[in-house]
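Input: a single structure, listed below in structure tokens.
When the chains are written out, they are named A, B, C and D in that same order, and each has its own residue count from 1.
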Amino acid sequence: MTNYLVEFAYLIASILFILGLKGLSHPESARRGMVLAEVGMLMAIIGTLLHRDIVSYEWIIAGLLIGSTIGAAMSYWVPMTAMPQRTALSHAFGAFAAALVGISEYYRHGAELGSFTMGAIGFEVMLGAITTTGSLVAFAKLQGLTRGTPVVYKGQNIFNMSLLVFTIGIFIYLLIDPSASPVFYMMTGLAFLFGVLLVMPIGAADMPVVMSLLNSYAGLAAAATGFAISNNVLIIAGTLDGFSGFILSVLMCKAMNRSMTNVLFGAFGSDSSTAQIESGTEGTMREVNVDDVAIQLAYAKQVIFVPGYGMATAQAQHTVRELANVLESKGVTVKYAIHPVAGRMPGHMNVLLAEANVPYSSLYELEQINHEFPSTDVAVVIGANDVVNPDARDNAQSPIAGMPILEVDRARSVIVLKRGKGKGFAGIENPLFYKSVTGMLYGDAKDSLARLTQAVQHA
Amino acid sequence: MTNYLVEFAYLIASILFILGLKGLSHPESARRGMVLAEVGMLMAIIGTLLHRDIVSYEWIIAGLLIGSTIGAAMSYWVPMTAMPQRTALSHAFGAFAAALVGISEYYRHGAELGSFTMGAIGFEVMLGAITTTGSLVAFAKLQGLTRGTPVVYKGQNIFNMSLLVFTIGIFIYLLIDPSASPVFYMMTGLAFLFGVLLVMPIGAADMPVVMSLLNSYAGLAAAATGFAISNNVLIIAGTLDGFSGFILSVLMCKAMNRSMTNVLFGAFGSDSSTAQIESGTEGTMREVNVDDVAIQLAYAKQVIFVPGYGMATAQAQHTVRELANVLESKGVTVKYAIHPVAGRMPGHMNVLLAEANVPYSSLYELEQINHEFPSTDVAVVIGANDVVNPDARDNAQSPIAGMPILEVDRARSVIVLKRGKGKGFAGIENPLFYKSVTGMLYGDAKDSLARLTQAVQHA
Amino acid sequence: MSHETLIAALYVFALAAFLGYQVISRVPPLLHTPLMSATNAISGISLVGSLVTAGAQYNTVSTILGFVAVTCATINVVGGFMITDRMLRMFKRKLPTVKDKK
Amino acid sequence: MSHETLIAALYVFALAAFLGYQVISRVPPLLHTPLMSATNAISGISLVGSLVTAGAQYNTVSTILGFVAVTCATINVVGGFMITDRMLRMFKRKLPTVKDKK
């Protein structure tokens, strides 16, 4: 009877997870969806606690308490701009849990495992281990604990490949002889190592793609656990996750017009990839000052803000909003153009602006806004670079050729807020800055915006 | 081993069914999708033929041959305008098969059945039986073999309800004592009877909704079979079907702005429902002649055709296309406005016009075209009535109040092609015909269109 | 039917129901008639159940019922797919045969 | 793992994969960051596996591994859901506080 109850709880939990993710198809229903997913998780946990194998609860309760405290603290204090790091760290924890469960299953059953269960456990442990260390490296890079640039050396890809083939060879051996426990532990160790080797050569800027992939692996590890212990809710939740991560990484690659292989093995942003052909980057940049820009903005009909990674590092989202408020009070129409890969995480700009109370009805996607630039008086580029690089459109030789861009250069006037001559993530020059239509307003984005707000108020 | 192979074939078949239905999300991918679904069916059949219980193949081969011949003949010779009938008949066959399998399962195992399997078989047989006779009645009504009007008598709903409750009571008894075979056969008989009683009181015009529901039941019967014989491919295919039918019927009800209960138990279109309030139907209708209309059409910039059930009965789709060709050769822009419930089947008009080689890029849905009527010179209503009835919009007392309509009365000129003063499916007057903007061109739609084509050619 | 198989069947049912909803709600009205006949054809999957009944020689009654069921289900499958294809072949985006006269 | 359970698990996997694809591809870019943290939270479902390991007293090693796993997975679940909610609370269609001046 309890067994039926537990299975039923799992079934409902699975359905609630699906409904929860469905809720995310619209901001109106998103929070309700998440409540459903949370209830689902609660049901799955309570259902599990009724499992007949569980005889003592002290370790469980201790784990739940400690975990909840750390989790709540992490999510409470982490600033929105540090979301990428937080997500990476959280992946590491989830994946580590999956790996540990797999190891303990192997430790218990060892030799008695059939090859199918051995296979499931093997996948679980390998995916879990790779994700754990991979996510930790990603975290370190994003948090600036290690150098963000790709760590590359000659023969790296070949070395990694051989290691992978070797690990797979071991895995196959285990399928045939599950009792060979030293081999199992060796495989586990290699998988932990492999996670490090896989992520080291990838630059900090490519981390979002890597993280989505790691998310996908973490999900698949959970699904493999489900196969190993015949539990459908694990299979379903894990698979949903696995697909979500995979789809997001594919979308990102598409929006950057790069292949997945290039992201993973191309060591983009390392010194070796700087050889390139640039166009229209001779000539001078025109510097403008705050007062001129303020006048321009105050008398504009329509202004479009184009935020990028610089807005995130400067934590300037609130200041952007203040400037927009002042402009709106003067009758200027203000819109925000959001490029799908602006920032360092899918949806990065959207969250930051939402944090600053910008209603999402003012945020426009690329396809919605590009035709509006020609009729826009001023486009204000706030710490964005690659996503507004006209070379992607005009110069077939450019490393980012073919990537869709926000065509700010079609606006009547463009103001670019950045600190200096720093390049964007792709490490290439941007001919936009040399166009006659463009004015450069140097300085930290937050400072510049604050001064602009002041000046506009008095204009 | 064979067992694994068979299960594998079923899994692939399930995936192919899903991919097949996904293909239907776009006309470009639809045919490819159907090929996938066909391959899936073939794999499921071949997989089943390997089943170890099967010892002799002669009956199977005979059945397959006879069935294929009849099926192919039916689909080859049936005209597009008779699609509703054909679908009804086909439902009856599919559901009958499910019912027979259920009966034979019961016959074999009888008393040994557990309550769960008994429940599954019971559902299978009941849904199968109801769908079989229900679909046959629907077929008879649509084909004109019996009167299409609802057959109603006093206390009908109460009688049907009591019968339903009685049948459910019997079913519950069977769950407790599966060995009571006379009870089982009585239940089966009642279910066959119930199918007839359920559909008799529904008018021919409401058949599309009923048929979609029956489709849904047929699917659920297949799913129940899947539960009874523990076969996942049956569960998946049946459930997909069940949902498809259900969604279509809900969409239809929405487009008619009526509740499902009203459709099923309201006996819409019977004599008792004619009491109503009409507005704007005093005054006279203005009759126009072919030559006047031809001149109007020939010198128009944009003409919108609004086809309805009358086009289907007159089989006028090819003639519409000819007229459109002539108009287009004279530089007139021709569009087609398709109401979601025009005709007698979801998508009815689309298929007919596709048959007449009208490219689907010229077919516009309600939301896409309604704003174009004010800038349209002539709207030609071809045997449509309810779907262009302005009362649905203007008169809150109208029986069809709130149903979205094609707003032809906003066009500069409206020409209505119909045979006389016949009412539409809803059986109500249409104030459109009395408006000053409207001209009535009486006669069979095909005739009128042919004469118009002639006249336009010489205009 | 064992405990596990039942649970698994319920999972399959629940997931298929969601999937059915998602997939079908994306079919445009343009293709609703082919959709009806396509699902009609797919519901002929009860053929799978019929085949075993017809060929297993459990007893005469089963064989006869099975034979009739196979025939009926096959009509459904073959007829349904053929007519769907016939309809879908008619849907064309643009016609090459119609010359764009001025 | 028996033959039937394996087959059933494969079905569940296949259907969930399709469903995942359908559902996720409908999430707008606007919500991609919350989506990442939401799926991150859901992947903490490995908690379910950890709980049994931690509480079953199979042996000391298992219990310790289980305890660590429960802790880690809980961080994932609680942290993931909380941060998702924190983000989603920020998304607003229109602000009542901003007066429509002019």
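To be clear about the criterion, a residue touches a chain if its C-beta (ideal position, glycine included) is under 8 Å from a C-beta of that chain, and two chains touch if they have at least 3 such contacts.
Predicted model, so just to flag it, every value in this text is computed and none were measured.
Novice: When B-C is set beside A-C, which has more C-beta pairs in contact?
Specialist: B-C
Novice: Between chain A and chain B, tell me the centre distance in angstrom, where each centre is the average of that chain's C-alpha atoms.
Specialist: Distance between chain centres: 46 Å.
Novice: For chain A versus chain D, what separation do you get between their C-alpha means, in angstrom?
Specialist: About 16 Å separates the centre of chain A from that of chain D.
Novice: Between chain A and chain C, what distance separates the C-alpha centroids? Give it in angstrom.
Specialist: Each chain reduced to its C-alpha mean, chain A and chain C end up 41 Å apart.
Novice: At which residue positions does chain B touch at least two other chains?
Specialist: Residues 18, 230, 232, 236.
Novice: Spell out, as numbers or ranges, the residues of chain C touching 2 or more other chains.
Specialist: 4-5, 8-9, 11-12, 15-16, 18-19, 23, in rising order.
Novice: Please give all chain pairs that are in touch with each other.
Specialist: Pairs satisfying the touch definition: A-C, A-D, B-C, B-D, C-D.
Novice: Tell me, which parts of chain B touch chain D in their complex?
Specialist: 3-4, 7, 11, 14-15, 18, 230, 232, 236
Novice: Could you pull out which chain C residues touch chain B in their complex?
Specialist: Those in contact with chain B are residues 1, 5-6, 9, 12-13, 16-17, 19-21, 23-59, 61-63, 65-95, 97-98, 101-102.
Novice: For chain C, which residues count as touching chain A in their complex?
Specialist: 3-4, 7-8, 10-11, 14-15, 18
Novice: Sort out for me which residues of chain C touch chain D in the complex.
Specialist: 2, 4-5, 8-9, 11-12, 15-16, 18-19, 22-23
Novice: For chain B, which residues are in contact with chain C within the complex?
Specialist: Listed in rising order, the residues are 17-18, 20-22, 24-28, 30-31, 34, 37-38, 41, 44-45, 48-49, 51, 53-57, 59-60, 62-64, 66-68, 70-72, 74-76, 78, 80, 83, 86-87, 90-91, 93-94, 96-98, 100-101, 103-105, 107-108, 114, 116-117, 211-212, 215, 218-219, 221-223, 225-227, 229-245, 247-248, 325, 328-329, 331, 338, 340, 345-348, 350-351, 354-355, 357, 359-361, 363, 365.
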